[in-house]
Every structure is written in C-alpha cells, then in structure tokens.
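Each of the next two complexes has chain A plus one other chain: chain B in the first, chain C in the second.
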Partner chain A sequence: MRRLRELALVPALVALIVLGAFVNENFLSYANIISILGSSAALAMVVLAESLILITGKIDLSLESVVGIAPALGALVVIPAASAGFGLELPTAVGLALIVVVGALVGAFNGFLVVKLRLNAFIVSLAMLIVLRGLLVGATKGKTLFDMPEPFFALATTTFLGIPISVWLAAAAFGVAGFFLRYHRLGRALYAIGGNPAAARAAGIRVDRVLLGVFVVAGALSGLGGLIQTGYVGAINANQGANMIFMVMAAAVVGGIAMDGGRGTMSGALTGVLLLGVVTNLLTLAQVSSFWIQSIQGAIILVALMIARVTTGRAQE
Partner chain B sequence: MISKKLAATAVLALSALLAAGCGSTKDAARPAAGGAGAEAGRAGVVLPLLTSPFWQAYNNYVPRMAKELGVETLPTVNSNSDPAQQVTDINNLVTQGVKGIVVSPLDSAAIVAGLRQAENKGIPVVAVDVAPESGKVFMIVRANNRAYGEKACKHIGDQVKKGKVVQIQGDLASVNGRERSEAFNQCMKANYPDIKVLEIPAEWKSDVAAAKLDGLLNANPDVKGIYLQAGGVYLAPTLQTLKSKGMLRPAGDDKHIVIVSNDGIPQEFDAIRKGEIDATVSQPADAYARYGLFYVKAAMEGKTFRPGPTDHDSEIVKLPNGLLEDQLAAPLVTKENVDDKALWGNSVK
Partner chain C sequence: MSAPLVEAIGVGKRFGSTVALADARLTVVPGESHALVGRNGAGKSTLVSLLTGLQAPDGGEIRFGGEPAPPLADRDAWRARVACVYQRSTIVPDLTVGENLFINRQPLAGFGRISWKRLRAEGRELLDQWGVEVDVDARAGDLAVEDRQLVEIARALSYGARFIILDEPTAQLDNNEIERLFARMRALQESGVTFLFISHHLQEVYEVCQTVTVLRDARWIITAPVADLPRAALVEAMTGEATALGEGVTESRVGPDVPVRLAVSGLSGDAFTDVSLAVRRGEVLGLAGSSASGKIELAESLVGLRTPSGGSAVLDGEALPFGDVRRALDAGVGCVPRDRHHEGLVPELSVGENSAMTIAGRLGKYGVIAPSRLRAHAERAIADLDIRTEGPGQPVNALSGGNQQKVVMARALATDPRLLVLINPTAGVDVKSKEALLAVVDRIRAGGTSVIIISDELDDLRPCDRVLVMRHGSIADEFPAGWHDHDLVASIEGVTRD
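For the complex of A and B:
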C-alpha cells in the first residue's frame, strides 16, 4: 500500500504522455524530453527542499525568494559596478560559493526563528519571503542582471551525455535524498518528527538539531535551484522566483507529500514535478488558445489529483 | 448604576463625535487652485513598478524633465505592481496637497477609484502608458501599442514571407499585452497569408518564456521569426534558449531567425549590434516622462487641449469614453539607427 501511494501519480502521468504523443509527433522526441527535464530542473530542486521541510511538519514559503536573492548576491559581488554590481569584482568561484552559502544562511535564520524562538513557520517564512524579495529589489535597484560570467549559466547550458548538468544534479539530489529518507537513521528521523515530535524526542531524536539542519539544507538547495534558473533564463530579474512557491507546493502535494507532515516520498515528489513540466510543454506544443491555457493547466492538475485518489483508493491529506 | 450612567454618557459622547466627524470624501472638493500667474504648486508622480529597465529609465527621466519644464515634483512613488497600493498612493499624494498627479496605472479598471479621489479634490491627473476604463483624466500619454505590434509584424513579415513565426506574448489580462497581440495577429493575417503564427503566452515572465519556447522549438524547428512583446523580460531567455539549441545564428546567415523585440533597452541594442536580433520597438521612456509632466503642468495652469496633431509628431485623439489620448510615436530601431544618440536606450547607464 505504501508503494502504491507514492506512485499514485504515475497513471495520470502515463495518460498525459500518451495524450501528448497523439497531439504532437514531436512530443516524445528525444530533444523534447530533454527540454521538459531541463525546464523542470530548477523547480525540482526547490520542490525537493520544500518536501524535506514539509515531511518534518514545518513549512518554508521564503524558499521562492531564496531562488532570487541567492544567485543575485552571488552575481552582484562578481560583476563590475558598470553592470549594476557592487563593484567588488570577486573571483567567479567565490560568487558561486556565495550562492549556496546565502541559501544556507537564510535557511539557518528561518530555522532559528522556527525551532529556537518557537515562532509559527508559516507566518515567519511569509515575512521572510517579503523581506528577501525586498532585499533583492533593493540590492539590484530593481535592475535585471545580465553580465554574469559564463560559469553562472553552466549548470543549464553544459551537458553530459546530451543531458544538461542541471538535470543530472536534480536527479542526483533526489536520489540521495530518497535514499537517506528511506534507509538512513537521520532520514527516518524526519518522518518521526513530522509524525509526532514529542514521541520523536522521547525516542532520543535530537528534534531541534535535525529540524535546524533540514532548514539549512533546504535553503542551500533552493540557492542551487536559483542558480539553475539563472542559467536557464540567462539573466537574473528582480522578480526571479516570485510566485514560484505555488508551483512548488502544487508539485509537492500532488506528488503525495502530506501538508501536515510525516508522510510522502521523494519519488512521489518527483512525479509531481514531472507532471507540471509535462503539462506546460504539452499545452504549448498543442498551441492551446492563449486565453484558455491557464484554466486548462489548472484543470489537468485537478484531474491528476482525482486519478491519483481513485487509483490508490486512499484519502489525501 | 454609576457604571450604567457612565456608559450612557460615553455612548452619547461617542455618537456626537461620530456625527461631527461624519461627511463624505467629496466635502473638501474645491475648484482647481489659483488664478493665472499664481504659484502652480507641486505635482506627484506615481510609478507602477521599478523592476523593469523601462520603468527605471522613466523614473530617472522624471526629475530631469521636471527641471527642464519647470515643474516642481515630489519624489516619485512606487506602487510595486500592486493596483490597490496605487490607489493608496494617489490618496496619499492628495493628502500631501499636490496640485497635479501623473500616474501610470497598473490596471485600467482598478485605477478608477484613485482617479475619483483626485477628481473630488479638483486635482488634475495625467495617465501615462495605460488608459483608464473610466473616470476623469486630463490627458492620457501613451505610445500606440497597436503600432508596436504592426511594426514588428511588418519587419518580420517582409523578411520571412512564408513559414512559421512565434509571438511571445505578455499578460493577456493587460491592455498593452492584448493590443500588441491583436495588432500583430491582424497584420499577419491581412498582409502575410503564408505565415503561420504560433503563440506563447508568458505573462511577462522570463522562466515561462524560456520553458515554452524550448518546447515549441522542438516541435517546430523550422521557425523563421520571433516577436518578443517585452525585451526587458524575454530577450535573455530567448537568446539563451536559441543558444542551447544551436539556433542562434547572426543576421545574414541562411538559418538566422528574424527576431523583433519591444522596449528599447540597452541590452537589446547590444544584441542588434551583434546581429543576434534584428530590431526593437523603442518605447519612449523619455517622451513618457516629458509629456506626462508637460500635460500636468498645462492642467495646473488651466490650459485645455483638443483632438488633432501636436507639435511633437504625435496626434491627440478622442477615445470612445470621451477622454483625450496623446499617441506618441515609437521608433523602430534596427542596425541602421541603433547608435542614434536620441534613443533613450543609448543614454542610460
């Protein structure tokens, strides 16, 4: 039953792919499949990050702002002042490292507020979402950053065996996280904490420390997601990542991650990401009327949820 | 007993206070200030957002143009993409006692409440870039968005003539996005029957544009032209996507895809010089600032305007709802005139 639950979306995904093959002969082409994966890589990293937090029973909405501010700060310390940078012109490697560090620091700060000060995770991260977005607009003066050195785009533009590095990275991250959650003591602890924090504490799990660690890891992953997005788009807009959290939540929850913690798997979350990627691609190839595309996209997600419910016969929480 | 009496007195006092304070927002209405030659007063400028190169340029032009025209302005106010905030911003300016307002509405309908507040106080408003659905404005200063779509259509159509062309659209819920799409499609249908237009609705978002263009090019590798409705957001993702597919060929190459953008930012000019894109429609950020302030000054001085040609290569037209609109010209920038100093994209840093 557990295995069924995590694969609940697969029938819906298969149905969509079959539909896609009929709608456009290029849908199943190698190049198009790579496109779907490449366009989903950034979302996948943030969904992974959010899923880890959701499993522990917390939430972090500010991850979407990390997707913007982390790569932007990394870029600002590298690019010259003439391109709207800080004028520090540090080495590219420092900028790239800073992206992950900024993500981790934001995660640590959120974790501190939620775990140590016992503030409500939803409200705190909502406030942080706004603060970080504002910092990004302030730091860039609202400008779009164009002139980053090539390594900033490398994750999305270089390929290994014909597949973008970003896709390999996301796949590896999901693989490692999935393995940890299923087999490692620390991974199991996340479920225990999400299921019942008091019982987890009684069982000898260092609940606070694990939670703090999860926030830090999630922040760092989102920073990486931001870097992938930067490479994919070729610039950093001051709105980068804005409203992304809705898609992140949709992918995670459609993929079977419980909003109230304790349940969900990485393979499930991954099918959620792929579903959203496939839907966007399919509707574009089908040249659905621009005015109706949003409503159709939403309807397909809704139907996918229903198919998942029927095929597994289990209530979704 | 005592507490009851106290309570009654309190209620009485409170209702008296309420009654005295009662009124409507129209009470303070008064005719526009002063006779001729009197101190004209200050004007307020409301910006829609500051996260686009275009509006940043506009924001930089406002103080400069104000100085040239001799208009005293308050520091600009940014509504940060929030239509409700924009109404609040207008109210705040009214409270600060400005004598004229230049606003760039985020939403053509949601701005009307703000316009009423200003009208009630007799403060003239000039709308820049977006025409309000109703309400009273002294003048609408706006580049002709239909002309953007047509110029892009002609430039692409004349070179492509036959085959597939992609249009990366803006938000179809916005007037500007809708008009560009409609004009582009109509012009293509009327003048170039052999061209098939594919559409990518991208809501002014760069990641959406990249993902959808990426997918569309897989199914249609024979695309011959692309129209970007907003270069500020779509230029980078388009070039990045074409590069990753090996489809970014310089102008003159057999496989070059004809790209026409829209905005007129410096990055587009660079891409034109490199031959990566062919042209862009330069939205007149400088003229927006200049004529927004020009008309608000005229309004504060009590001048009036009628439909007809103006002294600056544009035409004032009367819209169906009775409002006047000065339709500014927007030049098409190609390799030939990309270094023209008069283009605002060449004067910003």
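For the complex of A and C:
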C-alpha cells in the first residue's frame, strides 16, 4: 500500500505518454525522448536538492539562484577579461570545482541562518534568492557568458551509449539519493527530523548538524544542476535559473514530497520531474503559442496535484 | 435547600474497551465552590468533557437547573450554562483583551463593520463588572497567567454562564498569585457564580471549597462537605486500596555494599537547584513530585536533553556528558522521554525504524541500514515487549497508545543502557500495557542496569527500591521500599500529615 502511494503519478505519466504518441508521431522517437531527458536533467538535480530539504521540513528557495550564480562564477574566473570575465584566467578544473564549492557555500550560509540563528527558512532563502540574482547580474554586468572552455558544456554535449552524460549524472544522483534515503541512517534521519524533530533529538540524532549538512549538499547539487543547464543552453545569461524554483516545487510536490516534511521518496520526485518534462515537451511539439504555454503548464500542474490527492487519499498541507 | 445548579446522574463513558467513567454522579448547588479530586486517570477530565457538552455520556443524564442538557450541537446553549477554564489557554495571544472577550461577536457599527469604540467600551464594562483589573487594550499574550484566567472567566460569564469549571487553575501560579485568585473566586462566588474546582493540591480544596467529590478508577467514591472529611480520609478516598498491579517492592534489594553506578552532586538546572543523589547498580530509584517540582528537568538533564547550569554527574566513574543526547547514549544512558507524541516517536515511520532509531548506526557498515538486521532487531523488540502490531513495517501511529509506548521503551533499550531513565513511562496507557512496561524494569535491573523512574503515579513507583520526592526543585523526602500510599501521596501533594 505504501509502495503504491509512491507510484501514484505513474498512471498520469502513462496517460500523458499515450496521449503524446497519438498527438504527435515524433513524440516517441528516439531523438525526442533524448530531448525530454536532456532538457529535464538540470531540473532533476535541483528537484533532488530541494526534495532533501523539504523532507527535513525546511525549504530553500534560493537554489534557483545558485543554478545561475555558481556556474557564472566558475566561468568568470576562467574566461579572459575580453569575454567579460574577471581576467584571472584560472585553470578550467578550478572553475569547475568552484561551481560546486559556491553552491555548497551558499547552502552552508542558508543553513547557518536557518539552523543556528533560527530564522525562518522561507524568508531567509527568499532574500538569498534575490541577493544571488542581483550578484549574478552585477558580476556579469548583465551580459551573456559563452566563451567558456569546452568542459563547461561537456555534460550536455558528451554522450555515453547515446545518452547525454547529464542524464546519466542525474540518474546516478537519484539512484544514490534514493538508496541513501532508504537504507542509510543519515537518510532515515532526514525523515525522522521532518516527522518529529524533538523525537529525533531524543533518539540521539544531531538535528542541527544533519540539517546544516543537507543545506550544503543541496547547494552543491544545485551548482551541478547549474553546470548541466549551462551545457544544455550553451551559455550563461544573467537570467539563468530565474523562476525555475516554481517548476522545482511543482515537480517535488506533484511527486509526493510533503511540504511539511517527513514524507516523500526519490522515485516519487523523479516521476514528478518526468511528468513536467513530458508536459513541456508535448506543448512544444503541439506548437502551442509561447504566449499561452505558461498558463497551460500551470493548469496541468494543478490537475496533477488533484490526481495525486485523489489517488493517495492524503492531504498535502 | 436550593435546587441543584448542575447534576450528573449515573453518567458513564467508554472509549473502545476502556471505561473512562462509570456511573458517576455529581451535584453542585448554586453559590458553592465544589472540588473535584482524583488521581490521574480517575475520570476527572472525562466528567468535565461531559459537563461541558464536548461529549455525550453513553448512559445517565446531565441536568442544568433541573432541566435536561441541551443537544451537543447547540453550542450557544451550552455556553450559556457552563464554561471551563483549561490549563491550556483558549485566548488568542496576538489579539487584545477586548477582542478576545468578543471574538466572533464583535459589536458592529453601520455596514457590518466592527465598532472598535464600542468593543473597547463594552469590554471595559464587562471587566469592571466582575472586578477584573486588566487593560482592555493589552495584548492578551502579555497577560500573567492569573489575569488570563480571569479574562477567560469574564468571557464565560458574559455568555450568561454562572457555572465555571476551573481545571487545575493553580498549577502555574506561585503562592501570592494563588491567594489573589482565591480572593477573586470568593468575590465572584458572592456575586452568584458557582465553581467546580479541580486541583491536585489538597490544601487548596480545604481553603476555597465547601464540598468535595472524589473519583477513583473511573468511579464516583464520595461526595461530602470538606469540613466533614479530614485530610487522611480524603487521601484514602483518592488512593483506595493497593491496586491490581500488586504490592510492588516491599524491601530494598540492593545493599550498601553494591557499587554506586550514578553519582549526582550539586546539580542545578532549569527548575532544580543543588540536587545530589546516588543510584547503585541494579537499583530502581523513583523520583516523584508535582509537575512544578523540577523532577522532569532533572531527568532530562541526565539524558542529555538539557544542559544543567552547574554540578556534575558521574556514571561508573566517568563524567556524564550534558546537553548532547548522542553522547549520553554512547555513555550508556537510555531514556523514555516525557511525552511519546512530542519526543518519543516519529509518527509516520515504522515500528521497526522507531524502535531502532537510537542504534541506526549499528545496523550495518558505513551507516547503511541492512534491512534484514533492522527487521531482526524490530522482531526481537516486538517479541520482548509484546508489542501488538502487524509487523515491523507498520507505521507507528497506527498502534494503540500502550503499544506506542512499548516502542518508545524498545528505542530506549536498544542501546543496552547501563542507566535507564523513564519519564512518565506509563502515561496514558491501559493496565495491561502498564504491567508489561513495568515488568521490563524488573527484568533489566536484574542484569545490573540502574533505573530511574520519574512519575507521580503510585503504580509506576511500586517497582522502586527507593523513592525520592522533589518539591520546588530540591529533594524533600526519601521513602525506602515499603512506603504507605498515604504518606507518599501526602508528600507529593505537599500536605503535612496530621
């Protein structure tokens, strides 16, 4: 029964795929499936990161800004001043490492404010979202960065067995996180903290330390998501990641991650991501006018939420 | 004699297989203060819920002024007859006193808008009428407990009720505040208000009430004028004979030659000061006292949930780490925390996971939890403690209270502690589970584990070799095994025996 709940979205996903196959003959083509997966990989990484935080009963909205600022800083220290960089021209590897480090640092800072100073996670991360967005615009002076060395795009452009590395990476991340959440004591600690922090503490779980760690990991994963996005787009513009958090929250919640903590699985979150990916792809294939695409996307998310509510019989406060 | 204001005639209530109240009766005449006393689980709160119309009795009848009680759904009719001031406030802290008085019935001006001017004026008038000296514009959350209670009483009176139930109103008050509250109660009584007064403190019953009704084990025991019932008789009525749980330990089983396992010296903390005590290997120590005695704070300091401000505790020669549950667990301290809903269980997780939460790191390599080992641990705990469940995978919130408490006990035992601290270990569980939980104490003390039981339930304290009573943050009394119920209850309640 509990297993079934996690898969509540699968019927909706199957229905959409069947519908897609009828609507457009190219939908089930190899190229299109790769396209859906490739375009969903960055979202998947951030949904994974946000899900970890949501399970502990917290929230981090600023992950979407990390998607922009982390790869941008990584690029700015590598590319020459002539291409709008800082002119440091550090080795590419340093720039790539910096992407993950920046994400982790932002997560650590958010975690510090939320866990140690006991500030409200929603407001803190909303403020951080705005600050980081501003930093990205400031650091790039609003310009688009594209003169990065090839490794910055490799995740999206290199393939293994015909599938982009970014998709393999996201799949591996979900696999590891899923295993961790199910079979590792730290993963189980996330559920305990989200379900009842006082009980978790009384059972010897170091609640503050675990929470801080989750924020750091989520930041680093979002940085990676930003790198994938960079490869997929082929550049970093000053808007990278903007408004992405809405899709992230939608995918997580549609996928059964509880907003109030303690519930949700990686397989659920993954179906949430795939559902949104398929919807976006279908709307594009159906050549829906870009003026209308957002409202339709939003409506489909609402319907998916209602389906999930009915099939799981569970309130999603 | 005037007609009774409130009558409960042979009322009963059962929840599933548990009888919460059987054939209880209560008669309150206008203008008196009537005390309702009884130990935890005696049925007081059930009777209150029947009297306030929150629940319907299974049998019997409630009458107000000789007339049958209104139907449950007619809340206004109930409000006009009876009100209860609970320990937990029903005031909205962020609204003013005035608005709290008139919540959802604010005086209106034109076009249905709220007239704040009239609300303030009427609020002031109401408070003046009943002599409540509180600023109508004050934020309700800033009020002292006693003022908050008076505001709730004034609100109840404004609905027309003249019968007010006070549920342990003195629990959070100091002596001066209690005196002031009693003065107000007497004044209100003279203006025609009738009180049903619930308290654990017997001397207060003698001070402020004229009649007392005693409940025990969900039954009515006696109703008498307080003047006719001396304290010893009242305590006797509350405790009755020894219960079905047996005599308990009658003589200490650990001699002075048994080495000391836990030595606490000069420990001070949130609600206790300069406490020293020692527990020997295999000894079961009871720690009793009223809710404000500091016993829970002391216990929580020993298990790492609180950090004491001074003093030390030594377990088997090593200083006990404070303020860190993980380190306390590693040092050999196990704990059943005070409230299973608050600190004991993660409701959505399974029986198995909850029972193994303290040892999650030991169930496999590198912190990976091997499902087979988790299952084996859980099945052993389920068998050892006779937990009634579908299996280790069942969510713990699907279990009955008694079985949930056994899971908390399993969690505490999982680390094989050398010192086991049990805070209210049988709170809200049925007699069968109570027996099973207390049987565990005997089993593990035989293995040399020292146990501290923090409770004011006599049944919880029967397995103890020794009981310490705390009052106002210090140890006030010590009872070796074989104590009499009367003496212990009198000591806990702070009454001197005469």
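FYI, the second predicted complex is superposed on the first by the 312 of 317 C-alpha atoms of A that agree within 3 Å, B and C clash if a C-alpha of one lies under 4 Å from a C-alpha of the other, contacts with A are read in each partner's own complex, and residues count from 1 in each chain.
One rule holds in what follows: a contact is a pair of C-beta atoms (placed from the backbone, for glycine too) under 8 Å apart; a residue touches a chain by one contact, two chains touch by 3 or more.
None of the values given here were measured: they were computed from a predicted structure.
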Combined model on chain A where chain B meets chain C, clash or fit: fit
Which superposed partner A:237 touches (first chain B, second chain C, both, neither): first
C-alpha centroid angle, chain C to chain B via chain A, nearest 10°: 120
Touched partner set for A:31, first chain B, second chain C, both or neither: first
Chain B versus chain C as contact partner of A:204, first or second or both or neither: second
First, second, both or neither for A:102, with chain B first and chain C second: neither
Partner touching more residues of chain A, whether chain B or chain C: B
Contacts of A:63 with chain B and chain C, given as first, second, both or neither: neither
Chain B versus chain C - smallest C-alpha distance in the overlay, whole Å: 15
Overlap of chain C and chain B interfaces on chain A (superposed complexes): none
Residues on chain B engaged by chain A in the complex (per definition of touch): 49-53, 55-56, 169, 172, 181, 198-201, 205-207, 210-212, 214-216, 218-220, 232-233, 236-237, 239-240, 243-244, 267, 349
Complex contact set, residues of chain A against chain C: 183-186, 188-189, 191-192, 195-196, 198-206, 262-263
Chain A-touching residues of chain C, taken from the complex the two chains share: 303, 305, 324-326, 328-329, 335, 337, 342-349, 353, 357-358, 360-361, 363-364, 367-371, 411
Chain A residues touching chain B - in the complex, by the definition given at the top: 24, 26-27, 29, 31-32, 35-36, 38-39, 42, 82, 137, 141-144, 146, 153, 156-157, 229, 231-235, 237-240, 277, 280-281, 284-285, 287, 290-291, 293
